[in-house]
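Look at the two complexes coming up: chain A is in both, with chain B in one and chain C in the other.
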Partner chain A sequence: MSANPANRSRLVDLGLRAYVVLAFAFVFAPIAASFVFSFNSDRFPSIPLGQMSLQWYQAVASDPLVWEGLRNTLGIGVIVGLVSTALGFGAAYTDFRFKFFGKQVYMALALLPPTIPVVIMGLAMLAYLSRIDLSGNALSVIIAHVVICAPFAMAIVRLRLSQMDADLEAAAWNLGASEWKAMAHVIVPFTLPAILGALFITMAVSFDEFAIAWFVSGLNETLPVKVLGFLQGQVSPRINAIGTFVFVLSMGLVIGAQVLLSQKSKE
Partner chain B sequence: MEPLVSFEGVIKRYGDFVAVKKMDFTIRKGEFLAIMGSSGCGKTTTLRMLAGLDAPTEGVIRLSGQPIDHLPTWARDTPMVWQSLALFPFLNVRENVEFALKMRGMGRAARRQKAEHWLDRMQILEFADRNIAQLSGGQRQRVALARSLVVEPQILLLDEPLSALDAALKVRMQSVLKTLQRETGITFVYVTHSQSEAFSMADRVVIMSRGQIEQIGTPQEIYGTPRTRFVADFLGSSNIFTGTVRHSSAQGVEVETPDGPVTLTGGAFAAPPKAGETATLTVLDTKTQLGLVPPGGANAIRVRVIGEEFVGATATIYLETAQGREIRVQKSHDELAGLPLGIGQELFAHWSPTDSHLVAEA
Partner chain C sequence: MRRMPSLYGLTFSLPLLAWQLLFFVFPLVFLVALSFWTVKNFTMQPGFDPVNWVTMFARPVFWQAYGTTLALATMAALVTSALALPCAYAVAFKLSPKGQRWAIFLMVIPFFTSYLVRVYSWQIFLSDAGIINVLLGRLGLGPFHLLNTVFATLVGYLTLCLPLVVLLQLFSLIFIDRTLIEAAHNLRCGRLRTVFEVVIPAGRVGLVIAALFAFILSFGDFVSPIYLGGGDPTTLSILITDTTKSGQQWPRAAVIALTMIATLMVVAFAAIRFAYKGRAK
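And then the complex of A and B:
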């Protein structure tokens, strides 16, 4: 920010502000529309709006299929978050601590999964998991989601570790901490905000992920897969209600992660 | 005095690079030892090997007579004060100081008491519950010292701990360190590139260059009688003359240099050089005199003034010989009174042959 207003052109300033508002409007307008229509009593989304109503939420809440999907989604999301954060932490620490032959290849491979098109990933997962008799259940969704979530967790933890004074761990050893104690008393406390952030983000990714889950979930459909089922049957404002709920949940997780991560990097 | 630490033929290689070449020296119990040299000379590697952060490629390091090579860092009692300080940012001052005690399994109450004793001793007890980020540089320095001293070790390693402080604070911390060392009797091993830090605090100084020890001795010994040309050059407080030996006996040496003959008499040297060999004589810049006419006797060199610098009570006069080599003379203002010192002024630099000193060429 320039402290002296004379250093800034008012026209450019105004233009940039307008640009930011437009960009956010473009991103959030559809979501906002879905949010508004989820509280609208009319069967079809049209203006003027009908009455304010919670009927679609009641309809969703009374549908056992939705509850089953939500249970699957939440259970899978929590497990995926825990497992992929643990794996991501391990990979990030390996990168931080050790130098070894082929390290660049190791890092490239570890970061690769999210760059693979999800349809290809889903198909490959289905083919592979069915071969080893693991397809069509919750475990298969967990495995597939961990594969795409662990790299995110690694990237987040790695960023935090890169902010650490390289002498910190050696200083702990020097003061009498074994490697495990230094891990527990120095590395984990230092990276804790990133670990929690990674946990939230990987959960959010798993909640929202549709394509791979569609391929491998079989009868244990997660909520996004169920939503597609609803859409294929009929267009109902119930979708708006589910969408709003999932959006709030995911945004909550992502905002939580953002708060944790930005707080600590100010140190 | 019995040796607390001994390095026996210690060598450290990184691939083809030899960081430390064949170190043999001992550290005495209760002394303040400074290891000094320019960056890359192997001083920090030496300290890290003692702390167990690096392993010697060859040789043995003994602590109280016992080899310690097989011990991991955390099993050695060799706490270190880091150049970066390496304080734990997620712990407050008290928790930082308690860390080593906690790792040793000491109970909460005992830990707290001991930490407070050392915080008090370092005069930072009032900051015990602050975060590290809220402290000034000098306060952090004290936390780092308390954190290492809280285990009351036999030996404390310090790796350029004052390098981040401003000049005034540096001087104050030097006296804090010196007093602390004297009062606790803990052996301090202090690595630095700063001559003023090493010479003002240490009982003995080790001067290193390119992985080797150039000289070990008290600050007075090293200053007065640098053993090698490197040391004389590094300290920068001597004028150095190299030439061919003309006469040599147990009583003295005469060396023919491009600037004229220089002689040494009555000095102590182990083996007088042979005539025809190359030899180097040094003389301290404080023992070098200036005059308008050459005095009788030897060691008078014709010079021209090229600059002067006043620092407090003393002045340093920069001179150039006929061969274009630089000579320095350090004198008080009184001693220089009456001497014309304009740039280009022709003078004679001279000194007593008993103030000459023979150094090894290596």
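And then the complex of A and C:
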């Protein structure tokens, strides 16, 4: 092989490409398997596949606890999305527009929460919120989720603002617009795709978060916390049905966000 | 740009600051106070008693869990980095910009799928009568006991960390100055040697940060060690969930959590120093 360097390098390229395919196969194997086995009748899923069946979807759909979990998840997710996008937008604009003493600390607070392990956040939240009588309800999940979601919203909006000409806002002021008017007519329209994108992404993060929610939710369990319950109890292919449903929902949000965020290239 | 804080500016800056102080900083600070409280008759009593620290640090099970967690997280960081690197390298240097965009898009998808569902799915692959053993059985091999082993735990950690590590490595490799690599080739530096002596040092900061994230994620994860590893040997995160959920021993759980935070800070600090070592900027 060493006699022909071109040939050899083609072989290495081929090997690398095969490796990439393998890596993606590893990442997507559990996702694909969950999808396939959600339509499979066997109680203990394996191959060869049993019969095609919707029984797990039926089992899930007829479980009132699952519906309650779904309602909690959706309600909490929408509020978390709105609040964390508003907070994240404010922080992103602050970083874009202002310089002030202690800005590094401010930015650390705005970005650090997702790096703290969720068990630790969960415990700290549970202890603290129950101390101030806010634990064990949907509000406690909302509070905790906003803490970890706001940084994502902030990052998305900040990225969009960095594509904006900083003089644009100043030009609006020179033309007689107040700061508030400039915000409403220049900044918000320019960042609107990112705002909507952040809204969807933070909702998707909240939909899938189970650990902190498990600690603080009490009886108001969200759907992922229910899944954790299924995993702890009798493991059942119902998890696959819920997983597939949530996957489709989350992907809808993410693709929606992607479409909105990529609109910038058309301008 | 510096001006006095105005009502306008504060309207945008303050809400996040207030929220993160109230619900991020205060809970973590409260954790410190909590670790000195005592539990009597199943109720917590405020105080300043080091008893929880003494009790936990005197327990062999705590140190066993500490060692296990440290070893598992280190292994996860190294294995994930090693397995991710060829993939990130190939995407950064061998794919067209369009292929790269697709690769990034595909690697982002896992973040929006339920980690719990993926872990359950791995049970389907790894169990004694699972997919892998059935396939191996057709070749006349096995069955192998895969579930409830360290191997299965690592598969779980890999599921958790690989997409993020690939993306972080990819972003550090994409921005490497290509002329460096051409220069190495012109100087007759072999392919593999170029990778180890030019590409990896040039992307070191990103590679180390990626490994650090894998370490942090695995260090705090309690799902894989329980539902794939079988919960034995126990890890610190399992210990926290058990201590919190069974009974009112929150102060002891706080001790574990604070020990974990201290460890993570030391590791993060060491990793970042190592990443920037010799980079006078």
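Rule of thumb we're sticking to: the second predicted complex is superposed on the first by the 249 of 267 C-alpha atoms of A that agree within 3 Å, B and C clash if a C-alpha of one lies under 4 Å from a C-alpha of the other, contacts with A are read in each partner's own complex, and residues count from 1 in each chain.
In the analysis below, a contact is a pair of C-beta atoms (placed from the backbone, for glycine too) under 8 Å apart; a residue touches a chain by one contact, two chains touch by 3 or more.
This one's a predicted model, so the numbers in the text were calculated from it and none came from an experiment.
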When chain B and chain C are modelled together on chain A, clash or fit: fit
Chain B versus chain C as contact partner of A:Leu16, first or second or both or neither: second
Which superposed partner A:Arg131 touches (first chain B, second chain C, both, neither): second
Partner chain in contact with A:Phe190 - chain B first, chain C second, else both or neither: first
Chain A residues touched - chain C or chain B, whichever exceeds: C
First (chain B), second (chain C), both or neither touched by A:Thr202: neither
First (chain B), second (chain C), both or neither touched by A:Asn72: neither
Chain B versus chain C as contact partner of A:Thr222, first or second or both or neither: neither
Centroid geometry (CA): angle chain B/chain A/chain C, rounded to a multiple of 10 degrees: 100
Superposed arrangement (fit on chain A Cα atoms) - minimum chain B/chain C Cα distance in Å: 10
Footprint of chain A on chain C - complex, ascending: 1-3, 5-6, 8-9, 11-17, 19-21, 23-28, 30-31, 34, 83-84, 86-87, 89-91, 94-95, 103, 105-110, 112-125, 127, 129-131, 134-135, 158-159, 162-163, 166, 191, 213, 216-217, 219-223, 227, 237, 240-241, 244, 250, 253-254, 257, 260-261, 264
Chain A residues within the chain B interface of the complex: 165, 167-168, 170-178, 181, 185-186, 189-190, 192, 267
Complex contact set, residues of chain A against chain C: 9, 12-13, 16-17, 19-20, 23-24, 26-31, 33-34, 37, 44-48, 86-91, 93-94, 97-100, 106, 109-110, 112-113, 115-129, 131, 143-144, 146-147, 150, 154, 179-180, 183, 204, 208, 210-211, 215, 224, 227-228, 231, 235, 239-240, 242-243, 246-247, 250-251, 253-254, 258
Chain B residues touching chain A - in the complex, by the definition given at the top: 51-53, 72-74, 78-80, 82, 84, 86, 88-91, 99-100, 102-104, 133, 147-148, 151
